[in-house]
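Multiple structures are listed underneath, in structure tokens.
Heads up, the next two complexes both have chain A, just with different partners, chain B and then chain C.
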Partner chain A sequence: MEYFLNQLVNGLSQGAIYALMAIGYSVIVGVVGMVTFTYGEIMMIGAFGAYYVFQFVGVNLPLALLAAFASSFVLGIIVYKLCYERFFNAPRHISLLCTIGFSMLIKNLVQIVFGPEAKPVLNIIDNRTFSIPLGGAVSIDLKLLQIVIMALVVVLAVTLTLFFNRTKSGVALRAVSQNKEAAYLMGINVKRTAMLGNCIGCGFGGIAGILLAIYYYTISTTTWGGFSMKAFSASVLGGLVDLRMSALGGLFIGIIENLGITISSATFRDMFAFGFLILMLVIRPQGFASKKGSRV
Partner chain B sequence: MSELLRVDNLSVYYGYVNALQNVSIHVNEGEIITLIGGNGAGKTTTLMSISNLVDKAEGRVTFRGEDITRKAPDKIVKMGISHVPEGRKIFPQLTVYENLVAGTFGKPGTTKERMNQLMEQNFVLFPRLKERAKQAGGSLSGGEQQMLAIARGLMMDPALIMLDEPSLGLAPIIVEEIFELILRIREGGTTVLLIEQNASMALSIADRGYVLETGKMTLTGTGAELAVNEDVKKAYLGA
Partner chain C sequence: MKKLFTLLLALVLVLSLFALPASAQSKGVIKLGGLAPLTGNYAEYGKGFQIGWQMALDEINAAGGANGYLLEIDVKDSQGDTVVSSTMATAFAEDEEIMAILGDFTSGACKANASIVDRYGVVQLSPTASAPDYASMSPFCFSIMGRQDGEAPYLATYVLKKYLGVTKVAVIRVDSDWGLSCFENFKVQADIEGLEVTEEKYKSDETDFSSIITKAKLSDPEVLVVMDQGAAVSAIFNAADSAGWDIKHVALGPGTSEQVVSQLMTPDNIIVTSPFFFDPQNAELTKWKEEFAGKAGFDPTVHPACAYDTMYLIKTAIENIGDGEITRDAIRAALQDVEMVGITGRIKFEPSGDIQRDYMICGVENGEWKVLEGFDYVNQ
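Up next is the complex of A and B:
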């Protein structure tokens, strides 16, 4: 029981990171109107950006997060220019293939430039653990790291929501993601706005990247494809463009994974994540999202 | 009366299909101009090419003397041409209020005061939108969505507003309301280019009209002239 509850906590904190990945992913899909397969490498570059802050500046978490956001944001510009803008009027699969190719390019380029071996990310957040008694002999262990991650994800999600709802750029971004042609007719520079949205989504991916690295104490150069697929899955669960539902999808995948491995072994982590996705899609193909509020 | 918009010898192809052939129209300041014609006549294509949302094979579009043939769509809007597209195309998940805010993007430099002022003007024209300001655009009825689309187009305080089939799919009583609105919009100083299948209504309020038939301009004249023209009567007025 205790093990189970602790795994639930692990699932929640890992799910929080997945939620952040999914939010970023859904922002991209929304404004660009296309799924991306470079997302894993975008997260990796964010993680590396932060890693070099840790290396050269020292353990400064806010600065590292900023670096992660910034490096992924910049990569987002390149991806947008190369894979989307050039093929605006081309069939959609061209852009899709371009993002796949670009992801391979970055993955290998990173191995050449930064070396293929995984980099340790240690002692960023100290290893304190809080034990919360639940009555009787049962208690939950909560790591400081997990608290920081969950708090950070909540803060970022709220910030993004405020940005989308309270600012003019936010309204423009949502307008572009809902109807590009109408957005043009509002005088919105659709290409530039879509690029901004793509980069914001990438930036969130970058922060998720460094959080994953801190969570696993390491940055590998090869495992990001799996995380990319999880971001995609979470986003699919949420109906691809609904940020709140995608975040929920991410949270669910995190929890299912961590509960799943309580009854088997950690090797089957991904099996539970993607098994859940398939099961969900069979039962409820539209994902979590309901069609409420759109009559048209 | 000075000339606001001029379209010369416009031709558009969709693949091999000739959607528009040598269409020329002009719109003077303060006029209500209507383009009438059946399905597939090229009315929507004409508006889309003015806004540069479709590629033109030939032709020239000028607005206030400036060539806008190849200008980016968002820049054309910012010059003062508001295009209310066919099928409304409101933003379904934005609230009514946010939809109207999106309209102000078409006029950079709109201050908060000016925006609220425009908003109030719109709420006078469309009282129902005020009641529903906080509702999602997609939750409105068809007629309300059409009103929202027009109101959104007016939020950029345009010199010319192009309305693509505003009466499509609406109950007759609401259609009448919309045509009354169009007259009031013109009274407010905005020039109107109106596309309609409902030819009798359109001609009754229009200063001048153009008749399009399978991509070609077949007739032009004042609204009253066209309304009594035998060909127009037969084809579009059901007489």
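Up next is the complex of A and C:
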């Protein structure tokens, strides 16, 4: 039982990061109107932005999170200008192919500029573990790192929800996400708003990137494609554009993966994650979302 | 006057021949193909290969080449992928100017290329392939890393049983043919030594090890053994540390990697097996290490040192051909008989095409690698 609960905590921690990744991804899909294949590299750039804050400023987590957000936000502008804005009236696959090409370009550029070797991200959060008794001889081990990451993800998700519901820009973003033509007719600058939404989604991806690096104590230049697929899967589970449901999708994928490892081997991690995704889509094609096309 | 001018011109021409650089005096250029994972999960090793080869090549050419021939290498990115590696190997094999292929990094890629190099009759000399069944796949396959059926049993007998004196071991390994070969060879010897072994495996692109660590803790082992190379080694040990698991860390695969040490939360807790050690007392090795680090931007492991040695092996083979014609087959035949002391030690190929290495036990003290037990530990 204790073993099972500890694996559940591992799954929740990983799922929390997946949830943040999925939130950013869903914002992008919602406002741009199509999936992206550069999301892994966007997370990587955010992670590197924060990494260099740790290198040059020291362990300053708020500043690092800001740097991660800012660097991915800026990359989001470039992605938007190169891959989306120029092809608004072109067939949709042009933009998709452009994001694939841009993803390869960024990945190889980063290897050339920052080097191919993995970078250590150590001692950002104290290595403390709390043993929480649950009655009898059962207790669960909760790391401070896991607590901080889960708390940060919750705070960021609530902040984004408030932004969408309580600010003029947020409402404009929701309008663009729901119906671009109607938003345009209501006087919203659709292109600028879509770019802002894309950049905010990228910024959240950047923060997810540095949280992944802190959680795994390292930044690699090669593992981000897999995370991008997880973000996409979580977003699909949540109906692609529903932020809360995408976050739930991320949490589910994290938990399913870790519980899958509990009963079999880590080799089958992706089999559990994507098997669950396929099963879910067969039973409920709209994912966790209440209806197909539900928007932020 | 005209005769005097002609004589002077002839004299100038003759003298200019002596004044020409080595490259202009060479018998020609021998082209080599290089396979290395310059991108992908093993990119740091691929870059190490590229720099190691280039360092050796620059030295050889500056000293007049190999038996008067200048060497040239065309390095292609195999991405650590067996399919890509085979495509590149075929391209090299079909290019008649390529006299031998150096690389690839993984045993899997080298094994995938074995039938290709065998069919085209071109040497594939890998610095690092350690699968016991690789070199014997073709007379054209060679490797200088040493074999897993030497290192993995050494780990069981001399590191775990004799040095650490443990009986319960948790192994976490990469799920690749290299990882499988390591574990199978280790398990046979571990059974002989009476070690109780549990095994967990993961895909080569795995990043999250917290659930694997939680699972490995269940058997309450005395030591945690990781069989992999690169960032995964430190990621697994860091996951163990962050779970508050106080256990000795042992690794098979990374050697005395400075990068692994720089990425560990508790570097002084690691022990590795290694056929090679950058001894700080050895001025020649230290100079090589510094030159490599200056070019690569990171410290070398044994892998680029092996790559460096493979280039000198080709040079020695060409020299041993003497006045004979330099052909692919002549290089293969000469390479089989080469005996050389490289920076990684003495190299002499077995009839199968690989070499037997001796191993030592290395650990970290105050962030610096040191030899805990030398090559003679097996005799003590």
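Just so it is clear, the second predicted complex is superposed on the first by the 291 of 296 C-alpha atoms of A that agree within 3 Å, B and C clash if a C-alpha of one lies under 4 Å from a C-alpha of the other, contacts with A are read in each partner's own complex, and residues count from 1 in each chain.
Here is the rule we use: contacts are C-beta pairs under 8 Å (C-beta built on N, C-alpha and C of every residue); 3 or more make two chains touch, one makes a residue touch a chain.
What you are looking at is a predicted structure, and each value in this text was computed from that prediction instead of being measured.
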Superposed partners chain B and chain C on chain A - clash or fit: fit
First (chain B), second (chain C), both or neither touched by A:T222: second
Contacts of A:T262 with chain B and chain C, given as first, second, both or neither: second
Dominant contact partner of chain A by residue count, chain C or chain B: C
Chain B versus chain C as contact partner of A:A118, first or second or both or neither: second
Touching partner for A:Q286 - first (chain B), second (chain C), both, neither: neither
Partner chain in contact with A:K168 - chain B first, chain C second, else both or neither: first
Touching partner for A:N179 - first (chain B), second (chain C), both, neither: first
Where the C-alpha centre of chain A sits as vertex, the angle toward chain B and chain C in the overlay (nearest 10 degrees): 140
First (chain B), second (chain C), both or neither touched by A:N189: first
Minimum C-alpha separation between chain B and chain C after superposing on chain A, in Å: 37
Overlap of the chain B and chain C footprints on chain A, listed as residue numbers: none
For the chain C and chain A complex, residues of the former touching the latter: 38-41, 43-44, 46-47, 175, 200-203, 205-212, 214-215, 218, 230-231, 234-235, 238-239, 241-244, 259, 262-265, 297-298
Chain B residues within the chain A interface of the complex: 51, 53, 72-75, 77-78, 82-85, 89-94, 98, 101-103, 105-108, 136, 138-141, 145, 152-153, 156
Chain C partner contacts - residues on chain A that touch it in the complex: 3, 6-7, 10-11, 13-14, 107-108, 111, 115-118, 120, 122-123, 127, 129, 141, 143, 145, 212, 215-218, 220-223, 226, 257-258, 261-262, 265-267, 269-270
Residue numbers on chain A that touch chain B, as the complex places them: 168, 171-172, 174-175, 178-179, 181-190, 293-296
